[in-house]
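Heads up, there are several structures right after this.
Two complexes, one shared chain (subunit A), two partners (subunit B, subunit C).
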Partner chain A sequence: MQLPARRTRRLRPIPLSAVLGAMSPNLIFAGLFFLAPVVLVLLYSFGTLSYLTLDVNWGWTTSSYSAIVHSPYLQTFLRALLIAVATVALCAPLGFAISLVIVRATPRRRVALFLLVLFPFWTSFIVRTYAWTNILGPRGYIANLTADLGHRVTLLGTDWGILIGMVAAYLPMMALPVYVSLSRVSEELVAAARDLGAGEWRIMRTLLIPGAAPGLAVGALLVGIPASGEYVVPAVLGAGKVTLVGGLLAQELQNNGNYPLGSALTVGLIVLMLLMLIVARIVQWLWARPRKRAPVAVPDTAAVTS
Partner chain B sequence: MIDKLSEPHTRRTLLAASGAGLAAAALAACGSSSSSGGSAGAAGSSTTAGPIKGTIQFSTYPGWIGKHTIADFEKAQPAVKVSVDADESDFDSLLPKIKAQTGIYSMALASTYEIQRAILLGVAQELDFSAMPNTKYIDKKYLTTPVNAKGNYFVPTDYGKYGIAVRTDLVPEPITSWKDLFALSQKYSGKVYWYDFPKDIITAGLLELGYPANDANQSHIEAAGAAMTKLKPTMGELGTNGIAAALLNESAVISVTYDYDAYAAVQKNKNIKWILPSEGVPAYLEGWLALKGGPTAATQAFMNYALAPKLYADFVSENDVAGVMSAANRYLPKTLTSSEILFPSSADLALVHFLNFVGQAEAYYDTAYTKFKAA
Partner chain C sequence: MKTTVRIVAFIGFAIMIAPLIAVIVNAFNANVLLSNWGGFTTHWFTDAVDDSGVRSAAGQSVEIAALVTALSAVIGTLAVAFNAYAPRWVQRLTSSLTITRVMVPEVIMAAGLVLLMPKLGFTFGIVVLGQTVWAVAFFIAILGARRAGFDRRLEDAGRDLGASAWRVLGTIVLPDLLPGIIAGALLTFTFSFDDVVTTVFLSGASTMTLPTTILARIRRGITPEINAVGVLVMLVTIILLALATVVSGQLVPGQEGTEI
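Let's look at the complex of A and B:
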């Protein structure tokens, strides 16, 4: 017997005016506080500065952009990108390891460990960064230790020193989303894999790392984007010698009052961040696309039984 | 009143203004203590007519004034409040903000070349030195600088030389010039600290290359920037704090810094020697300027008050700086006035090049410095 078709109510299309009306607060907010500043920055970047009067002339010139390309600014952008990528690359395994320890801990210990991850946020970011000067500086622990070993190494004022500071600053931003992803990996699934003879490495490779992947992707963005424009860490741990994009922006906008060049640098930074987002998207897509699996060999049961 | 008089005026407005001034002076004379006479006892005389009032927004370096000067002035002038914005940024970096928001500061501490730029931008307020009788105590050579050529805009307070401080017990080689320092930097790589101030850094490069200070030649400035960039890997630190102090704990063996910074370190370790390089020494002459949009009468009264020799001496001894008022020397401790670092001989003074505003070429200095930092 065929059941009578259930009558379904067709939804009436919502008029466009109603959609726009409902969205208007968001649109106004985004327009005023996001779109308008970006447009203003773009406009400024095509102007020139009259140095004596500090007036900006709107000449639609690309001189600020060519100044970036034909100067050490480009080198600074590359250095910033490299340090940001290295920060993500170091934060990812460290964040994964920390998250794994937390996930596998007993519920009571989990809270304590979780608090330890959040603990650095209880102090000022600048204070935390300055604290590293005592470790990385010429009279710091690392310098003294390496001096005892025969060659004093001072990391303050080097790219390595900045990298260490960046990793220390951004590690929680990686650990937290990875923890969320890992906690969603079913414990029963891990136990089943173990029961079926999978070793720890295989569980890690086939269950835990794929399970943590969404968190790693989010963490890479949360770390990579601010790290590429970071100002405080290079300013403190660079000892005035290493300048990244954030420092250049401050120099041009704040000290020189050169808004066109500062704006062009800002556009460069926006492009850099967009590139990072695109790369992250591509990696996510490559990860998520269905993979060809090798055909599973079906045992010939007939041959076995005969 | 002074604001109005400094503007272009007709005979009628001049008469009206002077009439109002006379009336205000008469009222002040009738009143008991509202005029600036209250401060005169402690800080010399002031001829500001009428009661003065307002809030002075004062941009200066932290602690760059006598310890009690502001509190005493506010006691003497209860209708005036001095709000200090103590910041280590140089005045140049405040100029875009000052131009955009007239009145954000009433007065500021700045170097002569920065003040010349402020005058050009039209943000500086001309001062009436006749209302500031204590300016007579300032040594003439500092008061009559090019900044004050077209009007009195600048009240000098101190100057500073950018020289070399060396731990002679750790650096046996004699250093007498920038050339010597550049040649030795590789040997003492990582132990040579530099005070980070844009124009002085580039000027040190200019002098080492044999070019003059205040050079406006673009290719010379670029070459100086390139020379400093080449030297950068040998610099241990490029900062604004503890540059000479690093000599004390041996983090640095050579510090390129200002005289007041070196003076403080020398007091703690007599092995530190202060050197004025033979090619010349970049130096700043700094002081106060009033800015448009502020309470000019109150600002002038405050400047005048702080220039009383005894109070001025407090500022000099508080900060261990090279002063510009010989009349105040008798109030200073002997250790300070006998210091060759802060009070050099006339032969040493001949090496000092005060940095001036070089017009459009200032942009070359900015660019050279930014490239040096970016490298």
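Let's look at the complex of A and C:
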């Protein structure tokens, strides 16, 4: 649809120089401290470290990359990826169930339940992660409970402990976009389906899950991307025994001063992030095709994020 | 089916809320080992407040967050206020740089800055710069949403009545953005106050904020005092964010009876 043309010639427009002057601090800042460092990461990752002088020799060798592939670091990378995927896979059903319960609640209870999601979301990330040590630690609730049952289980310092912490930390990021999508599924449609004899599972499969799909897609990115590079959760719940990619980065860049290796690890993370975006796009595309026959209007993902 | 959904949802709520309850309970737990309930005490709070390390860290946190917020608010407000008048390519560049900075994991941005640092040195100022990189993007995203919801006819009306573009900007656009600026600033302050990654990567050992102090203490073992610090930090972030919601929510035109 063509909107009526706006008056394009304004009386006295703001001069272009003033506009560019106002916009440029942000662009210059992003260029200097965001784009330039990322380019630097790429350049460093192909250089080598001289172990005598600790200087970086520029060049185009892939020695840092092969060092990663032939070291335990590759395994750490794969574990980080696996934990990120598991976090998304666990957050999705939990976030979906939470959103469904909130959507179906009475208005007053809805506010209360919504606050239960917002409260942890608003709490300091380090505090709510560290909070788990009270539960997972060697003297925590789980350890005490399992000790009474005969075998003391300490999840702190294991991949399982990290996974629990990650799910708890990122669950609001999944629940909020899924809630937005689910609240757009027409109640009348669900009621009509029920009147026509559809069971709960059928309603779930044909109406609610497809309706929540755009939110799930956004949530998967909001959870998966930061989770793959997560530093805080493994640092706190790994208890010094378990590290993931974020921890390796800090170790190489700060303690060892091995910039080429640290850069190559960072490039690995960037590639991982791009892959997730591509996978998300493909899934979205595959999902969109058969949806053409579907009775629910599936909102655009872009509309959910904005 | 309904019960399955309820059970899964309950697990979800529990996994988010249970650790917070554990922190709050243990912050008042008199048992030093924290293994059992040993009676009520506020001892750990007085310990935390008297702890000079915690105090100086809190000071640093506030200082850094205030600087990051001020920088982000100035840069971000300029970018958002003038965005509508800018050429298309500048708008596109601004928005894609904003989205990438919001999306990219913080470790990547911090790692890049570490490489740049040897030329600049690890200092307090670098932490501020490093945090501002993403803080500006969050600020622009928040304020941009408000600007997008702005009724452009008001601007047109101002123009038709003979106001210059500058006057329209100063008397119509900026006042409308003000609640958004305040809410954005409060959120930015909280994000900065809460930051671990950028601070850990860029500060070396010289600059300790509250979150990095908590991290360092945890590595030496959990003490009841840390729970008290955690509860205090929790209170600060929740108050700030609730404030941000109130400011941005109640001052939305049309909701609380606009006077226009």
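To be clear about the criterion, the second predicted complex is superposed on the first by the 250 of 306 C-alpha atoms of A that agree within 3 Å, B and C clash if a C-alpha of one lies under 4 Å from a C-alpha of the other, contacts with A are read in each partner's own complex, and residues count from 1 in each chain.
What we mean here is this: contacts are C-beta pairs under 8 Å (C-beta built on N, C-alpha and C of every residue); 3 or more make two chains touch, one makes a residue touch a chain.
Only a predicted model underlies this, so the values are computations on that prediction, with no experimental measurement involved.
Contact with subunit B, but none with subunit C, is seen for A:T243 once the two complexes are overlaid on the shared chain.
In the superposed model, A:G137 makes contact with both subunit B and subunit C. Of the two partner chains, neither subunit B nor subunit C is touched by A:A198.
Applying the stated contact rule after C-alpha superposition, one finds that A:N258 touches subunit B and leaves subunit C untouched.
More subunit A residues lie in contact with C than with the other chain of the pair subunit B and subunit C. When the two structures are aligned on the shared chain, A:T154 is found in touch with subunit B, with no touch to subunit C. Looking at the shared chain after the overlay, A:P72 reaches subunit B, while subunit C stays out of its contact range.
Of the residues of subunit A, those at positions 137, 139, 240, 254, 259 touch subunit B in one of the two structures and subunit C in the other. Of all residues in subunit A, only 7, 10-14, 16, 18-20, 22-23, 25-27, 29-30, 33-38, 40-41, 44, 93-98, 100-101, 113, 116-117, 119-120, 122-128, 130-135, 137, 139, 141, 144, 164, 167-168, 171-172, 175, 199-201, 204, 221, 225-226, 228-232, 235-236, 240, 245-246, 249-250, 253-254, 259, 262-263, 265-266, 269-270, 273, 306 touch subunit C in the complex they form. Remark: subunit C residues 1-2, 5-6, 8-9, 11-13, 15-20, 22-23, 26, 33-36, 74-76, 78-79, 81-83, 85-87, 90, 93-94, 97, 100-101, 103-109, 111-116, 129-130, 132-133, 136-137, 140, 145, 148, 156, 159, 162, 164-166, 169, 193-194, 196-197, 200-201, 204, 211, 214-215, 218-219, 222, 226-227, 230, 233-234, 237-238, 241-242 touch subunit A in the complex.
The touching residues of subunit A, when paired with subunit B in their complex, are 51-54, 71-73, 75-76, 137-139, 154, 156-157, 239-241, 243, 247-248, 251-252, 254-259. Subunit B makes touch with subunit A in their complex at residues 89-90, 92-93, 95-96, 99, 117, 120-121, 190-191, 196, 198, 232, 235-239, 246, 249, 251, 359-360, 362-363, 366, 370-371, 373-375.
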